[in-house]
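In what follows, structures are represented as structure tokens.
Two complexes follow with subunit A in common, the first pairing it with subunit B and the second with subunit C.
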Partner chain A sequence: MTTEVLWWIFAVAIVAVSAGVVFARTVIHSAIFLILSLAGVGAMYLFLTIEFIALVQFLIYGGAVTVLILLALMLTRMASSGEPEPTTGVQAPFGALVALGLMATLIGVAVSTAWPGDLGQNAVAVSIETIGEAMFQDFGAPFMITGALLLVAFIGAIVIARQEDDE
Partner chain B sequence: MTELPFGDAFFGLSWLDAIIRIVIIVLLMTLVVVYLTYGERKVVARFQMRLGPTRTGPIGLLQGFADAIKLLIKEDIRPRNADRWVFEFAPYLTFIPVFLVLVALPFARDWGVRNLALGMFFVFAVLGLNIVGVLMAGLGSGNKYALLGGVRAAAQMISYEIPLVVALLAVAMVAGTLDLNAIVSMQDTRPFILIQPLAFVIFFTAMLSELHRAPFDIPVAESEIVGGYFVEYSGIRWSMFQLAEYASLWAFSIFGSAIFLGGWQFPFGDDWGWGWQLALTLIKSLIMIMLIFWVRATLPRLRMDQLMSFCWKALIEVSFALLLVNGLFLYYGWPEPILAAVNWAGAILFLGGIYLRAVRKPSTKNLVGSYKHAEVPNQ
Partner chain C sequence: MVPMENYLVLSGIIFSLGVYGVLARRNAVLVLMSVELMLNAVSLNFVAFAAYLDPDKATGIVFAVFVIAVAAAEVGLALAIVIRLFRNRSTANVDEAATMRW
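Now for the complex of A and B:
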């Protein structure tokens, strides 16, 4: 009962801050709303009793990804007056089109798939040991290939970012 | 969260129990923070052959309260070109992660706010969030010094989070769990600093950086960028930043002493009752805090590029090597004393390397001004 009430409070709050991301007047406000929205999603994972994913959500999305977005905005978008640059552009309708298409696809897939632990079944608490075994034993090869891919992307990003004038 | 059994709940109600425990911890934290500000001034003053605060109360013991009252009644100023909501909420957002960390810390056997199965992971997941408040303060102030401080803080904290987490993971591998209470109770005969000294060195260095303590206080370097991200704050909002800073200093020290120094367990364990356990936790955290003050009084501040290259070119490599070595030892089940010996060798090599590098640096004795920095690497 308590969990349900909290769930609805968080659901409404997440929709509100997500609307804030879209309708905020400046990019920086959007980014801050995005942090709140992602942290709210992390809290939702807690209600679903998958605390490992919730903590990963806080660590990666709350603490790292959005901070990198904010950092990039601080370095590039601050006008000399100290006022942040507004978000307007001709790309807005295309962005809306992509967002609506993605939303339709995700909702369609989510509704039409039979998930384990659906309504009427008991929620399964996945322990960190299970996740660790799945990641490093059952799916060890894909995990390592993903790691190698990330490493290559990382080195590539450094090479592109550090290009000097005479190269 | 998966909670492990943790004594009886007060009055049998889970939520009331949590609130009572949190209130106790937060009251303790407030008292500790007041005396940490006093203690830091006193200790650093002694290092510099001064007396520190002496006037308010006997040997200045009431100085912290006097400062707190002064800060509370100060005018709350908001610059005209500040981004209003971002500016006003930033101090409170910096405090939330510290508050959340206090929830997971073990203070005595079966006494803390909550005993989480993923305690260690919880601590560094929520600690990652305190960059957000710092960045918001830097962005919202409408001040270039604040913006610079915010950018510096973000770059530094994101970078140093990696060695911090990897060093802690190395210890978690040896312990075989992420549950803080279980990690502490494993250290009944030997604290983990004896087995993983290299991890402790990396953890301590990265912790100084995460806390913006000297020699890594670049985001708040008052001689370069006035005061960093909180330059525009005054009165109660400024004191929220200070509260968050000292509270996270304390929380980090308790966290570190629980993982490396044996928390409430070593050396008396269960035999001497919960009073001793609590005292041990607090004494060990005070040792860590004293070390931090000592480092602050001894070492000069690093430059930004030195800071970043130290993290990315030294700490991260060493911490990953440590992870690899630990993995090998644990996979093949090699005995613990050899693991400890290899780690000690690693720690001595690492610190010795840093020392040798500092000693063999060409002398700058008779050079003046910017010639002292003639050896800036050509970027």
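Now for the complex of A and C:
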């Protein structure tokens, strides 16, 4: 019972801070809201009793990705022109329309579908052994390819962002 | 435990907020942050499905790990492109980056 109350508190908070990310006036506020939203989704993984993903979420998103985003914000700050930059473009009403339609569709499908094999209240915790076996046996080859993808992506990022002297 | 539909509705709301951010905001870094929101909603969906429908094989959890890894690669590359754009054009506004070459 208390778990459900806590879940609802977290769910409302996550929706609020996620709205903060897209509606905040300044980009730094958006970044701070993003950190809170990512941490909230990590807490959702804890509610699902899958601690491994929660840990990965806190480490990679809460640590690495937000630091990268803050660094990029710092490097691309408008050189203190005084006036605030426009936050949304002329596309905003159409974007809101699309997002509202998508939200209605997703919620409608999620609620009205009878999910086959739904364990509901009887859901059991996924053990870390199961995750390890799935990751390194069933998905061993994709796992190694993901490592190669990360290496290539970060070499590419260095090449793209490098300062060239002859420019 | 909370029923699975609650997680699906929550992730649907986060995903739609991310879609709005991608379509409406003009700062390139903010568009990226909205993409991160969408990716997070998707992996929450995967993990909820894995926990409620398929706890013996944990396929959805492996998918979530892949989503996180690809998101890390994506954010690194995209921020490099944004920094490059800012250095060349002195703007991080996606509407002003309209030419294919310069």
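Keep in mind that, in the parts below, the second predicted complex is superposed on the first by the 123 of 167 C-alpha atoms of A that agree within 3 Å, B and C clash if a C-alpha of one lies under 4 Å from a C-alpha of the other, contacts with A are read in each partner's own complex, and residues count from 1 in each chain.
The definition used in the following text is that a residue touches a chain if its C-beta (ideal position, glycine included) is under 8 Å from a C-beta of that chain, and two chains touch if they have at least 3 such contacts.
What you see is a predicted model, and the numbers here were worked out from it, not measured in a lab.
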Which superposed partner A:T3 touches (first subunit B, second subunit C, both, neither): second
First, second, both or neither for A:F52, with subunit B first and subunit C second: both
Which superposed partner A:A114 touches (first subunit B, second subunit C, both, neither): neither
Residue contacts with subunit A in the superposition, subunit B compared against subunit C: C
Which of subunit B and subunit C A:A141 touches, first, second, both or neither: neither
Touched partner set for A:M103, first subunit B, second subunit C, both or neither: second
Which superposed partner A:A72 touches (first subunit B, second subunit C, both, neither): second
Which superposed partner A:A39 touches (first subunit B, second subunit C, both, neither): first
Partner chain in contact with A:A64 - subunit B first, subunit C second, else both or neither: both
Intersection of the subunit A residues that touch subunit B with those that touch subunit C: 49, 52, 56, 64, 68, 71, 75, 78, 125
Of all residues in subunit A, those that touch subunit C in their complex: 3-4, 7, 11, 14-15, 18-19, 21-22, 27, 30-31, 34, 37-38, 41, 44-45, 47-50, 52-53, 56-57, 60-61, 64-65, 68-69, 71-73, 75-76, 78, 85-89, 91-92, 94-96, 98-100, 102-103, 106-107, 110-111, 115-121, 123-126, 130-131, 134-135, 138-139, 142, 146, 149-150, 153-154, 156-158, 160-161
Subunit A-touching residues of subunit B, taken from the complex the two chains share: 1-2, 81, 83, 86, 116-118, 121-122, 124-129, 131-132, 135-136, 138-139, 142-144, 147, 150-151, 154-155, 158, 161, 178
Complex contacts: residues of subunit A adjacent to subunit B: 28-29, 32, 35, 39, 46, 49, 51-52, 55-56, 58-59, 62-64, 66-68, 70-71, 74-75, 78, 81-84, 125, 127-128
List of subunit C residues in touch with subunit A within their complex: 1-10, 12-30, 32-34, 36-37, 40-41, 43-44, 47-48, 50-59, 61-62, 64-66, 68-77, 79-84, 86, 92-93, 95
